[in-house]
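Structures are listed in the sections that come next.
Same chain, two partners: chain A is paired with chain B first, then with chain C.
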Partner chain A sequence: MTTRPGMARLARRSRRGGLPYVLLVVMLLVFVVLPVVAGQQVTSFNYYNLFQVFASLGLLSVALGLTMIAGEFDLSVLGTYAFAGLVAVKLGADDPVVGLLAALVLAALIGALQGALVAWFRLPSAAVSLGVYIALLGLTATISDSKTVPYNNLNVSDVLDRQYLEIFSLRSIIAILAVAAIAVTMTYTRFGRDVRAIGSDRRASLRIGVRVDSILVVLFVLSALLSALGGSMLALSLAAATPDPGFDPLIFALTAVLLGGVSLRGGTGTVLGIAAGILTLSLLRELLTVLATPTYVSSLATGGLLLVVAFAAAPGLNAWWLSMRRPTKRVAEPPSLSRVG
Partner chain B sequence: MSSDLLDSEISTGLALEVRQVTKSYGNLVALDDVSFELRKGEAHALLGHNGAGKTTLVRTIAGQVVPDSGAVFVDGALVSLSSPRDAQVCGIAVVDQELTLLPALTVAENIHLGRRDARFFGAATDRNGKIASLLTRLGLAHIHPDTLVAELSLAERQLVEIARALSRDAQILLLDEPTATLSDVEIQRVFTVVRDLLTEGRSVIYVSHRLGEVLDLCDRVTVLRDGRRKATRPVAGMDRAGIVRLMLDEGAVEAARIPRREGNGDAPSVITARGLAAPQLFSLVDLTARAGEIVGIAGQIGSGASSVVRALAGLVPSCTGEVAVDGHPGSPLGTPIRSARAGIAFVSNDRKSEGLFLDKSITRNLVATRPRQTCRHSVVSAKRSRDLGRQLCALVGIDAKRAEDPVSSLSGGNQQKVFIGRCLEHPEVKVLLLDEPTRGVDVAGRAEIHNLVRRAAAGGAAVLFVSTEFDEVLDLADTVVTMFGGRVVATHRGSDIDASTILAETTHGSSVRGVA
Partner chain C sequence: MTAENVTAADPDTTVRAPVPSERRGPSSSAPRMLWGLVVLVAVSALALTTDGFVSVANARAILSSVSFTGILAVGTVVIMLSGNLFSLSIGTSAAVSSMLFLYLLPDVGFVLAVLLTLVAGYATFALQGAIVGRLDGNAIIVTIGAGALQVGAVTWLLPGSVQVPDGVDIGFLTRSVLGLPFPLYVFLAVALLVQCWLHYSATGRQVELVGENKAAARAAGLPTGKLVTVAFAVAGLCTAITGILLAGFNQNANLAVSGTFTFDAIAAAIVGGSSVIGGRGSAARAVLGAVIIATIANMLLLRGFGTGVRVLVEGIVVVLVVVAAQRRKRSIA
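Showing the complex of A and B:
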């Protein structure tokens, strides 16, 4: 009974946290089967759309999920997302690459500032990042005069969104590569392990000698970079930047992260799991588009899905189930001494 | 400095020297001009009861506390230990008193975690089988380095914690209560590995409340008392009594000695359990405790003793069996609320995560279980809480001036007293369950805690406690129940308790299994 050690390790690792992938497979099956039953057609364009969502909201979700794995909560990703789009459109008027780089550099600075406040001054990240989010919205409103800013170089949009291999675009490929790089970093490097460690137990991590402060700063920079990449590419491809994207992107991101097996307490969850969560949620949305269902059905389905996952992943569920079952069993047949053991 | 040491090995040099260190917290002077020398290749025990400054000294060496004055030398060179990482750089590896393993990570990841020379890639793997061989040396051959720590038992986690310190290849190993959750066999395995390190010329600082271990392993002992160094002596020629005398004032030893109580065989039984069973934990357990009786359940780790009291506290959902609590119609099994309603109070062996509200005040903790006593017309009365808190502080022997301080500011022994105090003088408590009531508590604190337990019994409660330390069982129990392999071996009442029988029954279950 010898298996290859790599396989054994994989099996051991996937014993926990397999739920997001199961969910993705189920959703994919539903996505393939249900439209056929309903007499609708799923085309490659639907899959293309899926990855287009991944390139914007997906990056935002990974940005949010990364800080949650470390036990922090970076609400500012939504502000960075909007701000970076605006910067890319404004400063990239001549050259989109300049706009993109400017957006990323400014986002990195915002991330570093937040990371420093959280790490060195021990400020709660939810409060700091909420403040930064609100401030960034104010900033985008000032820059744009609260109006959508158009981008005149429509060629850029063409290049970013042209279909490759039927279902990909340059934009979605960049996003997938970025997420893959983060996933590899989180799984196979010291940095990734330390992030999970500080999310699991910060005090213990400090005592063992993990550099908690610098890891937090880097993490907030990464988070800001990812959301800025998503936001700026979206603005360039839509050829327009909106100063306030509303709350929907954040709701999407949080749902995807939770579907992806990340706990609000930190320490658990993987980037691959988050990616599976993003795809599951995108599939659900796309499915409801294909079936032409009204928006409220989408909300109901998304909410229902999240509740199901919350129940399935609840650690206390098993114990609760056992304790609920016990009394009826006892009344029926009290165990006698001779039968036990 | 060590004028009382006439060892021939004095020339071997010092691995570590702590020179005239002082540290105070507010008005409290935790360390007062303390010096400490660790020779190369020696195992040096650090002893002292709670509040003696032992923990502060350990934390200073581990880089967790920066002293107000004084200096630390490693291998003759002045060093600054301002973070755990600094200590690691200086070649000091620490096994912390509290577990610092991360359940969400694998064994290998945990062992690599925080290593200053860790590679950026491949941080999660057992690169050249080093970890596997280390685990084997500690008797954990059955655990794969890729196992999640969350899947390990408490004892296994403790051993992994030790494996991590050993893996650091450090010159100085600081072991702070490393054996509190280990069985005798496991302790011996750890000692074997530690002795190997000593013969390689490395040094060990050993902190433990178990004096037997100190006598077994260590070359020298330093005793702290009231923040000062009381003495440093070679272990050779010392015995338990001698060490205890160094640790305590003579007066305190006398005060701590309490005569054994005679059990009352005529009192009505308050709790009766028949045929308790939980899959893979224990089966066929029968127990009875009378009003005012103290029942001690003796058993090694894994004997099921701890699980039995947890089951009575409603914390083992899979437990079946018949339990009758005097004057209560239903069974207490299944959930903690059911158990509490039956009048059962439980003092867990893990006060930090299952007991105290650490950041809340001592008063809040003491009255947490007494809504009826602290409320007036269902509204919490601040005055009643305060008065009751003061009264209970006096009962458990904590200065009433500290009543509003957070529980976390107390020493471990005093925290334990608060935990137990919560169940005392409580009109609804009929049964008091305690799991390892004095784990990690020093001799004096232990006597005080035993007094509290006796007091609860004298008040008419039935007391059941579990302990892996036979001294404690013999000291405290009126009736001793021995367990092995998930079964009750025997029940000894009153005068027929004897240490060798208990030891035999709890360690060699095979010869007596037929009894059960």
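Showing the complex of A and C:
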């Protein structure tokens, strides 16, 4: 008797774990078939673009997903993303490597500060990171005078974006390696297990001796580094840094992370799942480009998709659905005295 | 079956129960007041040493700029009180309301345009509140997604910029009444109404209870989903009102009107001393926060700093206030 619900739960969990990959395969099929039906051409350049998106917005998504697995919500990655691009372009005027390193170091400091605040003061990370995000936005606006900052060394862009094997570039290879390294760390090391433990039950983790504080600080640093890597490489490759990218990158990242099977309550989700989510969403965006849809359609599509995913990921949806089907058995109904008697 | 229900609801209640009592403890309010006093003294000291700050004209400038942020801050506080952080598209929604109002104005007349804009704001936010409250959706994600949808819909359906139609005069929306700008009266009226609603109506008090301890509110039989929906809807009304006033102020409307309103409103709400995670806050605190933010903005402007520095300072202040408000909760983990 006891094993069967257990098995069912296990099956359900594995099915949920596999969903990001199923979605990716479905989206890939759509991407291959739909343009043909519509009389459009998909070339290897479209696949190259896919990985270019992975190298910018993809890194931002992994950055956001990492803290979410630990049950935190770090809005500041969006600020780090923009700030790092600006730093790379400003300080990398002579040597792009210097710019890149400066961006990474500054981002790591921001991440450490934020992680320390969240961990030591037990602050709600959404509020702290919103403050940090606003501050970074103000900082980029001040440094850039609210104008796009051009980068004059166009060779850097050539080196970063030259096609390898048709569909890769130095930029996307760096991004893929970085994400792979994070994925291996999260899957096979104690650090990764601890992060998931913190995300699923922080009290229990503390009790059994997980060093929650230091893990959170390291995690916020890693997250800041990833988003800074994405932002700075993007700015160098575009040869321009935008002071305020708006919420679009964050919308992409949130959708990708949720598509990737990360739960907002923390504890679930894998980096590989997030990667699948990123590719699925990039395919959708590329599809919209190939089919030449007007911009408002993609705005509606991305906003709508985020709401749909947030809807599907909402913990209450299951309970609500159950209460709809079986109105007599309310899930969270308060115990009433009459029933006890 | 009942026993199962009890165990299902219980862990949350027992885990959360100590938090409010500690937050409400007699020892905790004194340092917070001290902290507030320090901020007030620091801001006033900086303000008084700024050239041209102390003048009637400048006081009027602060009071006129405080209204828009202030009304949005009141809405933000209501969302915070319901325990759902904040809306990250409240500025966008204000701009959308502004455009909608001017778009409707020539066809349906002033009164109906105001009413329809209010209804639209109410409905847009109530929908987001329903997803957040009934389905436990994440407020930040839902509001960002809703913001993108609104931008998409407006870009699709409305012209990029809407002007005040010829022959229609909505100048009274910005005219001075008894020496003070009209939006200021609206702001104070909205703050007073919301304050009374939160304090004296059953619904308002229940909204606060949900934010204080959702599990306990649910266990007590409160309709938590409905209450969160109502809280968002009230914020939607505030947003629509801001949009209408902005239309009068700018004499046209486009999406760029949103500017830094979202951040200004959240910063004002937090700086006023309302808790981001619910349980403590009021419309009066939102007024205080809006005045502080407007004073800081005005001071920076007089000292020759741009918008960027203002936003930077806002962000830093938000972090500081959040740290200061929560620092005694170190023991809870």
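Just so it is clear, the second predicted complex is superposed on the first by the 278 of 341 C-alpha atoms of A that agree within 3 Å, B and C clash if a C-alpha of one lies under 4 Å from a C-alpha of the other, contacts with A are read in each partner's own complex, and residues count from 1 in each chain.
Simple rule for what comes next: a residue touches a chain if its C-beta (ideal position, glycine included) is under 8 Å from a C-beta of that chain, and two chains touch if they have at least 3 such contacts.
Since we're looking at a predicted model, the values are computed, not measured.
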{"item": "Which superposed partner A:187 touches (first chain B, second chain C, both, neither)", "value": "first"}
{"item": "Partner chain in contact with A:75 - chain B first, chain C second, else both or neither", "value": "second"}
{"item": "Touched partner set for A:206, first chain B, second chain C, both or neither", "value": "both"}
{"item": "Broader residue contact with chain A after superposition on the shared chain, chain B or chain C", "value": "C"}
{"item": "Partner chain in contact with A:196 - chain B first, chain C second, else both or neither", "value": "first"}
{"item": "First, second, both or neither for A:268, with chain B first and chain C second", "value": "first"}
{"item": "Partner chain(s) touched by A:122 [first = chain B, second = chain C, both, neither]", "value": "second"}
{"item": "Interface residues of chain A shared between complexes with chain B and chain C", "value": "206, 334-335, 340"}
{"item": "Footprint of chain C on chain A - complex, ascending", "value": "73, 75, 117, 120-124, 126-128, 130-143, 145-146, 202-203, 206, 212, 247-248, 250-251, 254, 258, 264, 295-297, 299-304, 306-307, 310-311, 313-317, 320, 329, 331-335, 339-340"}
{"item": "Chain B partner contacts - residues on chain A that touch it in the complex", "value": "8-9, 12-13, 15-16, 187-194, 196-197, 199-201, 204-211, 267-268, 319, 322-323, 326-327, 330, 334-337, 340-341"}
{"item": "Parts of chain C lying in touch with chain A, wherever the complex brings them together", "value": "1-2, 5-6, 8-9, 15, 85-86, 88, 131, 134-138, 140-142, 144-153, 155-156, 218-221, 225, 263, 266-267, 270, 276-277, 306-319, 322-323, 326-327, 329-330, 332-333"}
{"item": "Residues of chain B touching chain A in the complex", "value": "62, 64, 83-85, 88, 94, 96, 98-106, 109, 112-116, 118-124, 144, 146-148, 164, 274-275, 277, 283-284, 317-318, 320-322, 331, 333-335"}
